[in-house]
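The following pair of complexes shares a single chain, chain A, combined with chain B in the former and chain C in the latter.
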Partner chain A sequence: MISRRKVIKSAAAAFAATPLLSMPFVARAQTAGRVVIVGGGFGGATAAKYIKRRNPDIAVTLVEASPRFYTCPFSNLYLGGLRDFDSIGHSFDELTDTYGVELITEWAEGVDGDAHTLTLASGETLGYDKLLLSPGIDMRWDGIEGYDEAAAELAPHAWKAGPQTELLRSQLEAMDDGGLFILSAPADPFRCPPGPYERVSLIANYFKESKPSSKILILDSKDAFSKQGLFQAGWQELYGDMIEWVSLSNDGRVIRVDAENLEVETEFGEIHRADVLNVIPPQKAGFIAEAAGVTNEGGWVPINPETFESQQVSDIYVVGDATIAAPMPKSGFSANAQGKVAASAIVAALTGEEAPAPSWANTCYSLIGPEYGISVAGVYRVENGEIISVEGSGGVSPAEADAEFRAAEARYAVGWYDAITQDIWGSQPA
Partner chain B sequence: MAILDGRDPIAQGVVLDLPLISENGAVVPLGISIDRPMAEDEYVQAIHVFAPANPFPHIASFRYPNARSTPRLETRVRLNESQPVVVLAELSSGAVLVGESEVRVTVSGCLTMSDTYDTESVFQTRVRVEPGAPTSVLTLINHPQETGLRTNAQGEIIPKRLIEKLEARIGDELVFEADLHRSISANPYLRFYIQPDAPGTLDLVWTEDTGETAEFSQDVA
Partner chain C sequence: MRALHQLVVHSHDRKRGDTFLMPWDKIALALAGALATGVLMTGAAQAQTDASVLAGTCANCHGTDGNSPGAIPSIAGLPFEYILEQLLAFKADEVPGTTIMGRIAKGYSDEELEALALHFSEIEE
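Then we have the complex of A and B:
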């Protein structure tokens, strides 16, 4: 445990950074413990809110580098021209103003698990009783030859919503009719298993309306993908032969990228040239997880599934895409559910109670067209210390369904997005 | 075990490259290399791979008939459930090395499966030879590698149909041989290494359990 003096000192320093937001809560007697959260996305913002909801006397500080959080879910709608970029951005106003979460808009740089301190980019140090990391993913820049951060400025990954997403959209807009869009999809595990396939769907929708002679090629490092049968049937129905999928076994794995020339080379030596090139590289847990010493040799974070506390460093909890939570997918919905479980576990630990037994649900909606939605759902619980899919629960959209059914699922997808962003950030529907 | 023939394996020098967790047990990438100081004239003669919890545990055996072997491989295997993958390496001296690595198999909550081979072009091969010391030979054959344990939509057993063997020759000399069993993934994929001592023609032959074959030839330096 850290000394009270240290807590007070670092808290005071943090208040100095954001005096207006924090002032109303300074007077409150916060004696129930201090939680620092890194990352204001689906996992971190959820945990911040739900800790405060369960026990307002716990001091919660959220460290997030961006003043607004842009979601990967629904960024494919932006890429397809169905939404503006602003509509997938969310502020932290509800967390600070309604729930009294202290916000620090800065990068977190280091963690000392023994000393229970987090260091910010400014050099400032925050003490914690419990640290929760929701760091998302980082790209493995050594994963594909030639694909580094500079290459991503020419051939964007757009796998973190932000400037990369806007870059890819501007390239799609600038592309001539008749062009070729290539997407390179990674092997498992990666963020948002159905995401690459929803992305090509909504870009196909944009091409169909604006650039109908254009083609889409998916070069995949997998032999199978999420909701594959539904996606492929939907592509055929809506876009004819515009989209071609090349599997791992058909030499779909990209091993080299020449971003300058928008060329990729597959493992058996085929060269493909794109007009717009989207490379989604292999991934790992966001860097602060590695800095905290909670990642394993595979680059992801082993957690205790009952609480989402790190298996490697005590008092550090990790949620979301960075964790090894399979069979739960790396999705925003999963991160949200895990954030609630971790929040309960942290509140229980700080107040000396036992953490409740968790269970989680996840639904991945995907849009194949603006009025053509599909989904896969799962329910999960812990058995023998491992997360398992509850037998007989969940399921996928039927293979045979009429247009009304697909349209209804597309509406549910929008309803899901509106509901979860309201749950997490208090956002109102766009 | 027959391979051991009474010998005690040494738990040393077998390096396995396997994911800690696989979200698709039908295609688990497996890399094997042997990293151990060898005596003069000592070399790896064979590498055997097992998945003890699979219905048919023997995944494959790889043989190097001569001393110019580079015991390094990449393939893709089927794992029925979470288990260790066990690899034995037989040396020309008679010593046997053993190594194992545990893989946790989950089925991703967002994954649904379908057949992964192209029914139109069974036996179509892909080969990439990259000269060097050693020369890398990357191979794939489009094939269901049907286990005989699977049923179709009508509930009928799909008959066993396997690529059983891949042989590599330079000229008339056998330089590498692979025995492939039911736990090799559909579209058998194999990277192996050769060290030709003189320019010649590399001939590859895949043999199915029906006796049908596929062939590939390329000159190598």
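Then we have the complex of A and C:
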């Protein structure tokens, strides 16, 4: 057999030994159809599992570049020294062993929407009836002058969990007490609206315990951020004046990065020098979405909200951060909820039925401290062809709440992580 | 369908603090009948509501099929009456100490909460 970099895993041993190319439509799938999914993260792995749960006779192939998935959710706890890195890693074993999903550990390179094929980095081609993309985000390396991939090795973004996250943690550990941590936060829309603010909170918690004279500066390209009132009150309560937030209007927007010297320059020319510099640049839909021709001029994917099928190319469904799904935030929770709706729409389409009415919810927990949690929730529907937030539902945690309430939300944040990682990858709590 | 609509009128009439006067076993039967095909019509012009689609996002916190692995309560296999009573009470802000379920339950009609209660009550723990 030709040597191939990819690893094929499947419940059916026969799968593993047979080159895919020669069997684009495996026997059991001849009637039920074939779905190829790119991305084994929050959206893609959910869709794979829930398609199989709805109809095990549909052949599902999951193409994911990494052998193991590390979650951005709770990577801030790792950065704050509250978890080890292993505890945020998840395997695809449940998908392959319990649900019979075929896993291909490889990078997807291109899509031909007319021919209904996906091309892998090896050059191999997979045929599909329905393609689902959940590639997450890519950084816009042209978004901030001086901030390219090489710069990110000195001033990490850590906005995809992996080596970048470990790099940032090691820099924080190496920093002397009394140092300055700067985080540059992007304008909307971006992955995880409360993420930057949870990150500084848990880094502040680490500093408070280990490097109490250190300071944190957030340079923001926005004038307002998610759960702002709750975050700022919590910062004051737990960390005094350790954290300073500079809004867009107060010259918070970083326009140039000098990663060698850990310096950033703002719009009106002020230079800030950091001891540890975390630049979260502007973002766009992951590469494969653009390659498939499903992105718009803004770099994100317009979808039909009833099904999450692309508005631009039929039989390609896109979920998660890559999509334009506001008012749903770009969160792992949303990606999971969208993955389930797309799964039911795909299963219905393959059996010639109408897709059931969609319904989504989202909850983003953030930890301001290990025992201080806050949340924002929403319930979403489609009305007149648009996603809307159901009137009267959702919202943020109350501004006035006692320590017990904040502690309960911190416990539920962990409960949420345990539940969603079980729901997606079949993981057990760490 | 008729039985279901009557049921919804009942639950809308329910006032804060009232004890439950609805005959739960009958309601469960009516719902089971209405849901025999697995669907629930939410209105003439709308797409079909599928209880398993509604239930999809519950799993994000309560675990797949409502079997939670962690700090958030499991809801799989609880009695229909109990789940529905809780959901309606969350929606009406009548459960002291609630953190988030009030905000979420308000996003669903009473009819949908009933469909969800039935869905989770029928799942094995």
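What we mean here is this: the second predicted complex is superposed on the first by the 400 of 430 C-alpha atoms of A that agree within 3 Å, B and C clash if a C-alpha of one lies under 4 Å from a C-alpha of the other, contacts with A are read in each partner's own complex, and residues count from 1 in each chain.
The rule we apply is simple: a residue touches a chain if its C-beta (ideal position, glycine included) is under 8 Å from a C-beta of that chain, and two chains touch if they have at least 3 such contacts.
Nothing here was measured: the structure is a model prediction, and the numbers come from that model.
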Answer with clash or fit: chain B and chain C placed together on chain A by superposition.
-> fit
What is the contact status of A:267 with respect to chain B (first) and chain C (second): first, second, both, or neither?
-> first
What is the C-alpha-centre angle with chain A at the apex and chain B, chain C at the ends, nearest 10 degrees?
-> 100
Classify the contacts of A:408 with the two partner chains as first (chain B alone), second (chain C alone), both, or neither.
-> second
Mind working out whether A:428 is in touch with chain B, chain C, both or neither, as first, second, both or neither?
-> second
Chain B versus chain C as contact partner of A:361, first or second or both or neither = second
Can A:329 be said to touch chain B (first), chain C (second), both, or neither?
-> first
In the superposed arrangement, does A:394 touch chain B (first), chain C (second), both or neither?
-> both
A:224 contacts which: chain B (first), chain C (second), both, neither?
-> first
Counting only touches as set out at the top, which of chain B and chain C does A:337 meet: first, second, both, neither?
-> second
Closest pair of CA atoms, one in chain B and one in chain C, after superposing: how far apart in Å?
-> 13
Overlap of the chain B and chain C interfaces on chain A comprises residues 362, 378, 380, 394
For chain A, which residues are in contact with chain C within the complex?
-> 50, 306, 333, 336-337, 340-341, 344, 354-363, 375, 377-380, 390, 392-395, 397, 405, 408-409, 411-412, 414-420, 422-423, 428-429
Name, in rising order, each residue of chain C that touches chain A in their complex.
-> 39, 42, 46-50, 52-54, 56-64, 68-72, 97, 99-100, 103-108
Chain A contact footprint on chain B (complex, rising order) = 19-24, 26-27, 29, 106-114, 116-118, 126-128, 138, 140, 142, 186-187, 189
The residues of chain A that touch chain B in their complex are 187-189, 193-194, 222-229, 247-251, 267-269, 296-298, 324, 326-329, 331, 362, 364, 376, 378, 380, 389, 394, 396
